Amino acid sequence: MIRKSPATLRQLIQEVGTVDAIGIEERVSKYGTRSIKKQAKRAGLKLAISMVDLTTLEGKDTPGKVASLCQKAIRPHDDPELPTTAAVCVYPSMVKYAAACVRGTSVKVASVATAFPSGQLPLKLRLAEVRSAVDAGADEIDMVINRGAFLTGELAMVQDEIAAVRDCCGPCALKVILETSELETYDLIRAASRLAMQVLREGDFIKTSTGKTSSNATLGNNQVMLEAIRDHYFETGISIGMKPAGGIRTAKQALQFLVAVKETLGDAWLTPARYRFGASALLNDLLRQWVKETTGVYQASYTFSESSSAY
Amino acid sequence: MNRLPITKTPKCYVGGAFIRSESGRTYTLHGADGKFHSNIPACTRKDVRNAVEAAAKAGAAWAQRNAYNRGQILYRIAEMLEARKDELASAIALTDTDLKQAKREVEITLDRIIHYAGWTDKFQALLGSVNPVSSAHFNFTVTEPMGIIGILAPEQPSLLGLLSMILPAISAGNSVVALASESRPYPSILLGEILATSDLPGGVVNLLTGSRKDMLETFASHAQIRAVTAVANLHERTAIQSAAAECVKRVQFFSEEKPIDWESANQQGLYAIRSCLEFKTTWHPVGV
Amino acid sequence: MPAKRTPVRELLFGNLWEYDPAPETADPNIQSRYQLFINGSFRAPLTKKYFDSLSPRNAAKLSEIPIAGKSDVDLAYQAAEKAFSSWGKLPGKERGKYLYRIARLLQDRAREFAVAETLDGGKPIKEARDFDVPMAAAHFFYHAGWADKLEYVAPGRQVSPLGVIGQIIPWNFPLLMMAWKIAPALAMGNTVVIKPAETTSITALKFAQILLDAELPPGVVNIITGAGETGSLIVNHPTAAKIAFTGSTVVGKSIQRALAGSGKRLTLELGGKAANIIFEDAPIDQAVEGIINGIFFNQGHICCAGSRLLVQESIAKQVCQKLKQRLATLRTGDPLDKNTDIGAINSSEQLKRIEHLVQAGIDEGATIYQPACQLPKNGYYFPPTLFTDVSQSQRIAKEEIFGPVLSILTFRTPEEAIEKANNTPYGLSAGVWTDKGSRILKMSTELKAGVVWANTYNKFDPASPFGGYKESGFGREGGMQGLLDYATID
């Protein structure tokens, strides 16, 4: 299924077309005007919880921290009506602890790999990292693309690297992080989405960000990537998933992203199999709003925060 | 033996050519002394129609000329007119006797041409605008010519009145179909010859002579004439606007009942040009 | 791993996650009966006649609106004439302060006015709330600032007000059109007699209370209601120095005719049949969004609606497919629901006209597409509609439908696009979508229209002049250019 990739960035952009920045921002600003109340809000919150890749990616991560994260992913709240999150997302060295914690549950273990977040290691070493994460029990691999190569127009190299990582994944789902803030323009985000999707499999994802740069997932770049996924689907029949990551901290934001999914890709993407939120603090706010919807009483934020440092 | 001079057959200037009325009709022009002067073409609605065709043909290219070039052409009209100013003054004095006043009219006319020659590359900057809209858009308003403007000139001053109405229209990039003074048509005949020897492209200004009564309705109703500027009496104004409504034509009137000081500087300038323009506003997003 | 192929590639826009109804609940404070607003007070019409104002949302009666007769119109003009003698001489900065006050008071009561506008006119509450009312306030705010700077409107010349202005506005943006008309007239020092459209008088009469709260001197603004007959009384009244009309081209022409010989000034903002031109290099998804916004904004009840889509042949199929997908996510229904994208058609008459023209489209051989949608039982509704296989000569390509109906035509070259776009007696607006800068400027130059939206559509701003070429009218509203239409220049 590997297609001949476009020779130059210019050709690629011509192939996918350009994006008008103001137009896309106008479009997504309308998602914010959708009024999500009552049952729709409860259903939305539940759906969002089920899509969370509960994430910890810090130098100070320990097996203990990962274990408590996994507990939260498996049982986000006492309310039995609530689902588990989709996955926990950790560094490769933490995969084996996470895998042990979630064994027997529906929670998956996702591991960032490929010299996350910069990706600045020789390919050989990045692939070795992917294999080690897979071997340690990861279900999903979150890789970063080679932004340097992409921006200098080495498109074949970018695509070949993605394909190489994919081949190392085996049955694991692959999520390809474009790091949108480093691509900067919507044109390039859309172009990179297409370049990546050309070598992805049904069930793989494209993902906005590492969460390690100044700007992360926005409704704008989410929209551009959803549209790229839609066009790819019509062109090839292959459904690629989408994962905005970083910067989505409130339930209100998450619902707006879900509105975008509902109105761009439709019902088939309103599932954790095709849409994820890469987030850490988001889950707390989703739960807080859930309890508010259930009890009718506004909740204190600290009730839902497991660490005072978490936003 | 006295040599018999060759008299000139007056012809109208339409589409860069000198024509007689398609109807073949003329009317007689007598001097103030009552002597026969010449037979003036008595144009009819068909001549208006032909003039509109000529104006349409020339209009687009004239509108696209750059402003500097239009200014130079207007200046060239003044150069040509200066060379024939005595002849023009005599033409005015033919019906109005006062040669001194006729000379004065020609001089003011000349200055007015120069005035407009200098406007062509300036009015856009004064009338257009960049508009600070409160969204991420670049928004600007430019002026554009209306297209073909029909002009019904005053009976007098026959030269200054006619040109005071034509000049803002062509400065703005319009083409013109003008009906000259019915009782004092001869200066417009000479004006046609002057325009023909200037660099003004044929068809930009089309000059008709004849009975206003015969042509007024056509000026008002012809859908391709986008605007009418007329010195007119109440009856004529009513008729023009009634017919103009059918195609939402722009009309601008000078009331014949009120004396108009054509020599005044208020009869020229930016706002005379403005009344021959449309405004077009363009929006474009500002984003990477 | 071989790709799993789905036989039919379709997106399902179903109800897996459905929004609950989200009705706006703010109280619109609509009285059961309104009175005329003349000389700073509410008074019953001397005709003693009223008519019922219905809500297109459910065809229920909202209020009773007075019908002004000749004596009422006389009183209004008398009041306006009297007020002009002092208002016109008031220092500009003082006039400006009144306009600022009005802007602020309208902002204070924005939600209430938005709900009233939606109930009265049928537009989605989100448009009334996010567009009509804030934009109306913005127009007062913008023009307030001009009142003491009029010497800059025509540098080197003296501008002065005209006197009493008769103004007649349409039903598609009742409050906003009122602001467009009143604000520049007042800033320049004129006084007005204004008539809202018959079916949408409520926000105008609510607005009268704001004028009172702002302590605007009596007679500066007089609000007269009624149907066409009342309108012609306003047009033909000898006191009017100028008539400003926004509405249909047919009525505009009749007004121009009626004013013949009267010496009154006139500005007309009339109909349109705008071309929205999409080139193959356009940012397609944003263009699709712009097409949607261009024709379905306010149910297509807008004179500058992009009702003729001209799409380059090479991308026509793709654009149509995307349009249909986008249509599937538009929500047509109760305008008071905050999630409604397309609300109610303004009146049963307008609904009939739309149905008639759509039928003409079908009869003339165009192909119709309407998404499945459940329309409310009561009230006046029409689903968003696309026509493909449309030719230039068909009625749906020529006549203003003033409804949510888009006619799709194709072109091959820029010249063909310009020719088709300009092939209409109208000339209000046009849209161009292309990635090429020089082409945008060329197209903008060639299109005979007063407003050109390039890579965007249906954008408005008080600072941006709006108005048409050809049979779309003359005069501008908004910006520096609009002000001069309310002044004499000496």
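Going by the order they are written in, the chains are A, B and C; count residues from 1 in each one.
In this text, a residue touches a chain if its C-beta (ideal position, glycine included) is under 8 Å from a C-beta of that chain, and two chains touch if they have at least 3 such contacts.
Here the structure is a predicted model, which is why all the values come from computation and not from measurement.
A.B. asks: Name the chain with the Cα centroid closest to the overall protein Cα centroid.
C.D. replies: Answer by centroid distance: C.
A.B. asks: Comparing A-C against A-B, which pair counts more contacting C-beta pairs?
C.D. replies: A-C
A.B. asks: Taking the mean of the C-alpha atoms as each chain's centre, how many Å separate chain B from chain C?
C.D. replies: For chain B versus chain C, the centre distance works out to 37 Å.
A.B. asks: Would you mind pulling out the distance in Å between where the CA atoms of chain A average out and where those of chain B do?
C.D. replies: Comparing mean C-alpha positions, chain B is 69 Å from chain A.
A.B. asks: Where the centres are mean C-alpha positions, what is the separation of chain A from chain C, in Å?
C.D. replies: Spacing between the chain centres: roughly 43 Å.
A.B. asks: Name the residues of chain C that each touch 2 or more other chains.
C.D. replies: Counting only residues that touch two or more other chains, chain C contributes 455-456.
A.B. asks: Hunt down the residues of chain B that sit against at least two other chains at once, touch-wise.
C.D. replies: Each of 135, 137, 285 in chain B touches at least two other chains.
A.B. asks: Which chain A residues reach two or more other chains?
C.D. replies: 20, 22-23
A.B. asks: Touching residues of chain C toward chain A in the complex: what are they?
C.D. replies: On the chain C side, the touching residues are 1-6, 9, 11-20, 22, 126, 130, 281-287, 289-290, 321, 329, 338-339, 435, 455-456.
A.B. asks: Sort out for me which residues of chain B touch chain C in the complex.
C.D. replies: 126-127, 129, 131-135, 137, 139, 141, 144, 226, 234-235, 237-242, 244-248, 250, 255, 266, 270-271, 274, 278-285
A.B. asks: Once bound in the complex, which stretches of chain C touch chain B?
C.D. replies: 138, 154-157, 249, 252-254, 256-257, 259-261, 263, 268, 270, 425, 440, 444-445, 449-456, 459, 461, 463-467, 469-474, 476, 479-481, 484, 489-490
A.B. asks: Could you list, by residue number, the parts of chain A that touch chain B in their complex?
C.D. replies: Those in contact with chain B are residues 20-23, 25, 184-186.
A.B. asks: Can you list the chain A residues touching chain C in their complex?
C.D. replies: Within the complex, chain A contacts chain C at residues 1, 17-20, 22-24, 26-27, 33-41, 43-44, 47, 201-202, 227, 230, 233-234, 236-238, 258, 262-263, 265-268, 270.
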